[in-house]
Amino acid sequence: MPAVPQPSAFESRCNATYDALMWALSRPGLPRDLPPFDPDDLPAGLAHPAHAALIDALIDRECTVHCENPELARHAARSGAAPGTPRTADHLFLDGLATPDLLGDLRQGSDLHPEDGATLVLPARLGQGAPLRLSGPGVDGTLDVRLAGLPEGFWQTRARIMRYPMGFEVFLTDGARVLGLPRSTRVEVL
Amino acid sequence: MAYVATRGGERAIEQSQRLFRAEMGAITPERVAELRRALPYLIDRVMGEASLYDEDLAALALAQTGGELYEAILLLRAWRTTQPRLAVAAPVTQESLFTHRRISAAFKDIPGGQVLGPTLDYAHRILATEVLEGATSRPEPVEPADRPAPAQQPSVAAWQAANGLLSAPRADSTTGNDIPDVTREPLLFPAPRAHSLQSLARAETGGVLALGYAAQRGYGQAHPTVNELRLAEADLRVTHPRGTVFSAGRVKVSQAEVVSKKGSALGLGFAATLGWNEVKVIAAATLDLNAKGAPKGSATEEEFFLYHTEGVESSGFCIHFKLPHYVTFQSSLDAMRDARAGAAGAAPSKQAEPAE
Amino acid sequence: MTLQSLTKDWEPMAYGFLDGSAKREIRRKMLKAISVPGCQMPYASREVPMARGWGTGGLQVSCTLVTPRTRIKVIDQGADDSVNAASIRKFLASVSGAPVTTDTLQADLIQSRHRIPEERLREDQVLVLQVPNPEPLRSVQPNMSIARQMHADADYGRMWLQLYEQIVRSGRVMQGASYPSLVNGRHVMTPSPIPRWDVPKLHMARHLTLLSAGREKRLHAVPPFTRVEPLVFDDVPYRVEDHAGLTCHRSGARGFFMNEIPQADGTSLHEVSDSDLGVKTIRAAEGEDTRIGATWYVDGEMS
């Protein structure tokens, strides 16, 4: 057997990024730190460089991706992913959302294949804004969080259109922090 | 006192492997080369089931495992997993194959002709025991035909389709990375056609034969006629990043078309694999022929035969029963003893245990 | 675009054995599995240098998660010294450089076949369970596609009927290990062939459990703080193995799941199945400085 392989810096970053995402979904509402990255490793001029790091950890030619930011879209294309629309994409990376209407377009999978539901990545301000109460798998009882930067009616729309186990996952990024909300999490606007 | 010697397990593993390997002795480049030269049909079978075409690696895998076929194929599959996908070759059509052998049981003569090619079909199966007494068995030289058979020939099904005897399969124009790849995606049902054919191509020969034979004997609805059986070489045409199309070499392939009467037309079954393996492609094409409309859970239902002819999975699961099952066994014993205690005096229950 | 930008440097083996595309696919599927607890997610499941059925599913998850700092523990039937556990541990260490341990408390990642350690797992720990058959409905529906449709419809009637028939015939549920359990009130899953003793450890646990079947190409998950309820009738309570009163003849540990060791005189002795707990119990008895963590069972009762 060859010598023990060493992870490249890229491999280490992707692994740590995934680790943050995995725990973010496992413990909804608890922000996780994404690993630091070398600015040279990611495209310049991105408003949300963390989104590029998520692409590195998750996305390749087996994915269909919708990126709002053109520079991020080029980064995703380099992974081999096919560009998609909000209706066709399995992963969506947005710079923001003015209304919750887009949620209605997202893939939710089917009862037979819930895994076909989309993953939506959005920037938000964690720890600010309106209080929300989370419950469901991964939450020890209930958890109150504050999230700002999302459009009015976002949570109501999410609750209205998802019929578990169909649904979509949401990652909210704030700089190098990420918070996960799987479809299994109930979000109550306080 | 230590409760367990953790290193004990590792030492036992190491020594058990040494015992296995001691029996085979040194593996040399010469041994690998000789295996490759002497056993081309075994090499072909291994490459087909591994879905990896490399005669040297196949010979090495055989040498390394002492001919334990399931182990050899697993070695190759595991190696294959680690290899990057550099390019996807252009689709190969039947009429473009460089054909060595091509026979039809459906018609006495077919466009392009019957080409017997290399086969032991009509040999008398007599052991050359003189070799064990010191003689060398040398092949007689092949005498070239006056008129060589054409290298490229059309498929018999194409002729039948042109004559309205069967509906030709719809042409699939998917190319390159868009072709579903069963080694990179899970097999789900109903399966894409590409997944079905790929699964049959890498299926275990014995498994395909057992289920194909069951179908041929009458457990399938359709009795196959071998429309054509072909052993050939396929040209690998690859596009260079600069755009040049070039041949990256040739691989040996086998394919079979089988047909049977289905209402007023012919039904068509097809299979192909890497390497020359006639039994496998005829049996696999028979399964393909019978798959349409097969009852759920029958041996000719696609989900049934594709899951159960996957050699690496089936052999791995079979041998996994050697692993300790103390915990599951203990758990079953507990339920059984308790049920008996509860039923003390009454006749012991005859019901089957839930499967584990 | 240059060739250099399209490729990476040659390496004899990818870090963690699996290449980037295999890892990304497993990551994507794990995220969905965590999001729909107990629902089986199909994945490609690459061939790895181990036979199918020998932990290749757990191995692929571990290979995806591992880093040079992940402390790994591998057990089979509760024991670190089982030959298959030793083999998997050696492989994981050799493809990742990760440190290994037998101590449940020290481990970041525990790959296990058929047991959950007796010491409580923490919220920073991941348990990877090897799964031979991911489909809890197989005994009532061997066809995987039909079974999947039954999950889609939450159609668990035949599963209940089977349990009911066992009670009628034998006076109790005869399911040994792999006790079917309802996750988050929606999906029935197999907890893998862990004994009934271990299933309550998954209910509202602090750790993350990933269950992966390599041969069958399915993975499912139980996130922390998730309801895992064995299928039982209101009037026939769930019963774990009757091991609460057994004592380990080697370590003296009592009130844990045991291996039964038949003796020549027709009787049986017992030894604690969690080998590391046995080791620690002996060390503690001999006055060594040993820390035994809080256990799920105290005096043979789930606490």
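When the chains are written out, they are named A, B and C in that same order, and each has its own residue count from 1.
As a convention for this text, a residue touches a chain if its C-beta (ideal position, glycine included) is under 8 Å from a C-beta of that chain, and two chains touch if they have at least 3 such contacts.
Because the structure is predicted, anything quoted here is derived from the model rather than measured.
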item: Middle chain, criterion being Cα centroid separation; value: C
item: Relative to subunit B, chain with the most remote C-alpha centre; value: A
item: Gap in Å, rounded to a whole number, between the CA centres of subunit C and subunit A; value: 28
item: Between subunit A and subunit B, centroid-to-centroid distance (C-alpha), Å; value: 42
item: Centroid distance [mean C-alpha coordinates] between subunit C and subunit B, Å; value: 33
item: Contacts with two or more other chains, residues of subunit C listed in rising order; value: 13-14, 21, 25, 42
item: Subunit B: positions in contact with at least two other chains; value: 184-185
item: Junction residues of subunit A - those touching two or more other chains; value: 61-62
item: List of subunit A residues in touch with subunit C within their complex; value: 1-2, 4-8, 11-12, 14-16, 18-19, 21-23, 25-27, 57-63, 78, 110-112, 114-115, 117, 119, 136-141, 164-165, 167, 169, 182-184
item: Of all residues in subunit C, those that touch subunit B in their complex; value: 3, 7, 13-14, 17-19, 21-22, 25, 42-54, 56, 76-87, 90, 102, 113-115, 132, 138-139, 142-146, 162, 166, 169-178, 193-197, 215, 217-218, 239, 241-243, 250-251, 257-260, 273, 275, 278-279, 282
item: Footprint of subunit C on subunit B - complex, ascending; value: 1-6, 8-10, 12-13, 74-75, 77-78, 80-82, 84, 183-189, 241, 296-297, 303, 307, 312-313, 315-320, 323-336, 338-339, 342-343, 349, 351, 353-356
item: Sites on subunit C touched by subunit A in the complex; value: 5, 8, 11-16, 20-21, 23-25, 27-37, 39, 41-42, 64-65, 67-68, 93-97, 123, 148-149, 152-153, 184, 186-187, 208, 223-227
